[in-house]
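In the two assemblies presented below, subunit A is common to both, partnered first by subunit B and then by subunit C.
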Partner chain A sequence: MGSDAIVFIIYLFILLLIGLYFSRKASKSVDSYLLGDRSLGPAVTALTMQSTSMSGFMFLGGPAEAFQRGWYAILYGIGDAGGSIVNLSVLGKRMRRMSELLKALSSIEYLEKRYESTAIRIVGAVISIVFLFAYVFAQFIASGKALEALTGLSYETALIIGVSVIIVYTVTGGYLAVVWTDFFQSIVMLVGMVGILVMGLIHVGGLSGLNASLAKIDPSYLSIWGKDLEFYGQWGVIIGAILIYSIGYMGLPHVVVRHMSMKSTKTVKTATLWTAIYNQAMAFSPYLLGLIGIILLPNIADPEMVVSELAYTFFPGLFAAILLSAVMAAIMSTSDSILMQAGTILSRDVYQRFMNKTADQNRMILVSRISILLAGIIGIIVAIKQPPSVFALVVFAFGTLGNSFLVPYICSVYWRNSNKVGILTAMIAGSISHILWTTFDWQASTGIHPFLGGLLVSILGMIIGNRFGTPPSEEVFKIFEEAKGPRLLPSNIEKNISCEISPEAKSISTFVSKQLSIEGQLK
Partner chain B sequence: MRSLKTEIISFEKETLKQSLEKMDANVSYKVKTLIYYPYLFYEFLVEPTGRINRVGKKAGCTIDGMNKVGAVADQAPEFIVKKNVDDKFVLRRNISIDEAKIIAEKFLFESIYSRMKILKMPTLRLKHHVEFYRPYWIVKGEKERSEFYLTVDAITGKYHPL
Partner chain C sequence: MFNLPPETFWLVVPWPFIWLTAGIVMYFVNKRKDDLEDEYYANLDEKEMK
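Right after this comes the complex of A and B.
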């Protein structure tokens, strides 16, 4: 075993110690684990959240795309940097209001209740499960590559070890992912990524030097049309590359849990700001590192290893090994949450709902964990037999999820008469078209990015399908109008409304109007 | 009149008025009255399933007594005062103690199994439960010719329009 592998084991051991120390010290109850420690400041909270969302894509996929296609790849970064803001401003308020009114806990349950259709729940759950697992497969491949670089083992052996570590970590990790381990990792990742970028920029003479060197090698690296002007004039590809991450987030199923927080919501708001700042710093770094790789590592065999090679080039072996350990840890912290989410959807929304309504708690956990184990085995087979690139697989999974759910979510809050047939058509047409567009490389013949193609088909499916469905019930119409507002409140007051007490407010409103009469006693 | 277990108010009339007016100086507020909202708090002892799967020692869940919705609570409410309140300011819960317990157990199970890395569900044993009422202010805001009503959690200061 090489010294770098020992560094990785020590790194994991330190994480374990941090996890155990803080879980014994601070988390005496399940509640504090589930809710997170609210005494932490907003910056810590934000960095902790980011360590979960930063994945193998950031360290392997993004840089490889830039290495192969030049500045064109930065289009994905633009979308990534602005995606969460677009998501919040387009869907945020209305969807949150309607979720509360429908009493929906998850995004799939939300669609089911909004359109009063079990079929939507089934189709939504199946699409989510399949493509969340596909997203994790990309992390598996990344783990194999990261461990291969660290240990010197063959890719296959490293992959099996990497996936095994992820699966064991996911199903038996207990307290391992407590807030402080995530925070520790986010700092290592941030320092590592920024450290390599700064060193890289110094080596190539800053951004100007980088561009000058790229121009000498091949001027088309500087073009937004891609290397060798691969996508010249194909606005459909350019727009699709920007759109996938800028609006695709709106199509990602996410779990919404209503917390009855006992403390201020200020932390959440400031944390969101910190997250946005962190995203701006991190969204472009992988692509810039890929561009630096073109100059400093022109002969690298696997472009996905640009970041690790640069780490070993700029820093002593020990530091580089720590950074690679953090990459592996980033992969683990992303994989476990997605695997848990997919396992939960499968056991609750499919198994319990349709196959075994009386399943007890331990049976539910068993089904969830077995599905995670199966995903691991299938993931290993796929990653060994025909490994796609991390970038391609992430974009494929993300794009399909986006094409399936983006139109339904937007219509649910902006199109009053949208109905279940329209939504089902949009979901199915969007996902299938994205799969076909990617599989048969229709981008080459049409000049349209698979995400944009899938989006257009999904919109078309929505419009056509909606003509064949029946309008939603009066109850849903009422909720739709209520969610739309306007509430006619001063903007500062409107901004700080605590949505988590919305159910209480509704009950109080009914009570007050009946018992006390706003017009009478309260006036 | 009813005798209720309730929490000490953190936002008194004047403090609340000032906090709201800080947000928008052009709005004038009249803090009207207090309404008492029912909750049921359940605390469970968590029995670990093994050495590896230590999941903690206790778990708390608060059930909204009107909407029958659960929420993980990270601290038990502090019942400092017992207060006599006129019935017309108290919302009567529409959920039984037993029904609330089932919802609390189900809610905690959902939260634990979907987010914690465990192979087996730990056993939850009810340690105690308590019914309490949280005070909410009814506030009227006026800006130029328009008016609106808010309800404000008198413990946390969180608000929502009515």
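Right after this comes the complex of A and C.
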């Protein structure tokens, strides 16, 4: 066994230890297993949200896109760099409050309770299970590919080893193990990515040198419209590519659940700052590495392996392996969150809701664990049988989830009178339109990115559908108002009110004191 | 401008600064909200005590 493989085994062993450390705490209650007792601080919230969002795509799919299409690919990085800032700022506080008031433990249960509709839970559970699985399959494929290249093991063996570790620590440690391993892995990702990028830029003469070399090969690599000006003038494609990762995170069930597990609404402010700094260092790096690959590795067989090939070009084997643990970190930190979310939905939203309403805590934890295990095993089988491109699968699953849930989650906290028919229409219209847009390549004929197309259809569905349903109950309205937080009047208005009231208050006080003195004299 | 065409430069390079500024602004916006909330609940507690 090579020294590289030993580095990875040590890395995987550390993750297992973290999982086992949290296993006792996780078994305490369902709340603890599924949501970590809503106890996460700002740094952990920010970095788990970010590492969950940045999947194997960041190290495989993203660089491959840049390798093939040039600077156009950086548009995805622009969105990614601000995704969590937007997510925390828009949903953070309100969703944290409302999920607690509704006593919701999963992001699908949250929608059902907000709109008092079983249909929303069924449709939501079906869409999320199907596309979370597609998303996790992409991660498993990435995991197999990365480990195969790094350790020399066969794709199948590498896949089974990588995924088994993820399953073991997720099943044993639950949500807390997932977020703490994510936190640890986000730091590994940052060190690995920045380390390889710095060396890459030195090799190509900095950003200016990189662009000069790209222009010599093909000037259209530098164009924002794609190589050979593939998307020239198609603003619908450009805007869609930016939007998918800047606002799309708000539609991912396994990401928005991070709002629900925060310690308090005060966690949001520092978490936003953490994520703003972290993202600027991380989000653009994979695409720049893809561009560096065009210069240094023009004949690479599989563009998805650009980052790992570059690492071995710049660094000695053992050090490269340490940096490349970051690839596994990105894959594993997303896979564990998706598996956890799939387990939560299957146990809480399917088993407890429809099969065994009186299930006790121990049974619920057991069902969650079995669900995660089954999801992982099915994932391995599918990933072994059909390995498509990581980029295509991630963008497809991500886009469909985003188009299904983005509008419902935003409306749940900002549109008081939004109702279940509107939400159901938005979810179904959003997901179907994204699937059709991608399958029939409507981007080519309309010049609109599938995500942007799906988003517009979902918004339209929400507005039209909402005209037909009945508003939620008074109790939900009360919770909605409470979730906004205390309504504070600005100090200048408060001052004016005092000024206006003060003459009246003075008259009342004079009147009362006069009355009292009269009463005193009479006595 | 890093040997980039002006179109690409102006569409890409400002973004890290925009996001960083957005993050810092949101930090202070949320801090103000948290402070006001604390003040509100403190006043509420005082009224209840009275």
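Going forward, the second predicted complex is superposed on the first by the 355 of 523 C-alpha atoms of A that agree within 3 Å, B and C clash if a C-alpha of one lies under 4 Å from a C-alpha of the other, contacts with A are read in each partner's own complex, and residues count from 1 in each chain.
The rule is short, and it goes like this: a residue touches a chain if its C-beta (ideal position, glycine included) is under 8 Å from a C-beta of that chain, and two chains touch if they have at least 3 such contacts.
Keep in mind it's a predicted model, so treat the numbers as computed, not measured.
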First, second, both or neither for A:Thr358, with subunit B first and subunit C second: neither
Partner chain(s) touched by A:Ser507 [first = subunit B, second = subunit C, both, neither]: first
Of subunit C and subunit B, partner touching more subunit A residues: B
Which superposed partner A:Leu207 touches (first subunit B, second subunit C, both, neither): second
Which of subunit B and subunit C A:Ala81 touches, first, second, both or neither: second
Contacts of A:Ala215 with subunit B and subunit C, given as first, second, both or neither: second
Partner chain in contact with A:Lys103 - subunit B first, subunit C second, else both or neither: first
Partner chain(s) touched by A:Ser223 [first = subunit B, second = subunit C, both, neither]: second
On subunit A, the residue positions that both subunit B and subunit C contact, one per complex: 265, 488
In the complex with subunit A, residue positions of subunit B that touch it: 20, 23-24, 26-27, 32-33, 35, 37, 46, 52-60, 62, 64, 66-67, 69, 71-75, 77, 88-89, 91, 108-121, 136, 138, 140-141, 143, 146, 148-151, 153, 155-162
For the subunit A and subunit C complex, residues of the former touching the latter: 71, 74, 78, 81-82, 85, 88-89, 93, 207-208, 211-212, 215, 222-224, 265-266, 268-270, 272-273, 275-277, 279-280, 284, 485-486, 488
Subunit C residues within the subunit A interface of the complex: 2-5, 7-8, 11-12, 15-16, 18-20, 22-24, 26-27, 30-31, 33-34, 36-37, 40-41
Sites on subunit A touched by subunit B in the complex: 23, 27-35, 38, 103, 169-177, 255, 257-265, 336, 340-341, 344, 348, 361-362, 364-365, 368-369, 487-493, 496-509, 511-512, 515-516, 518, 521-522
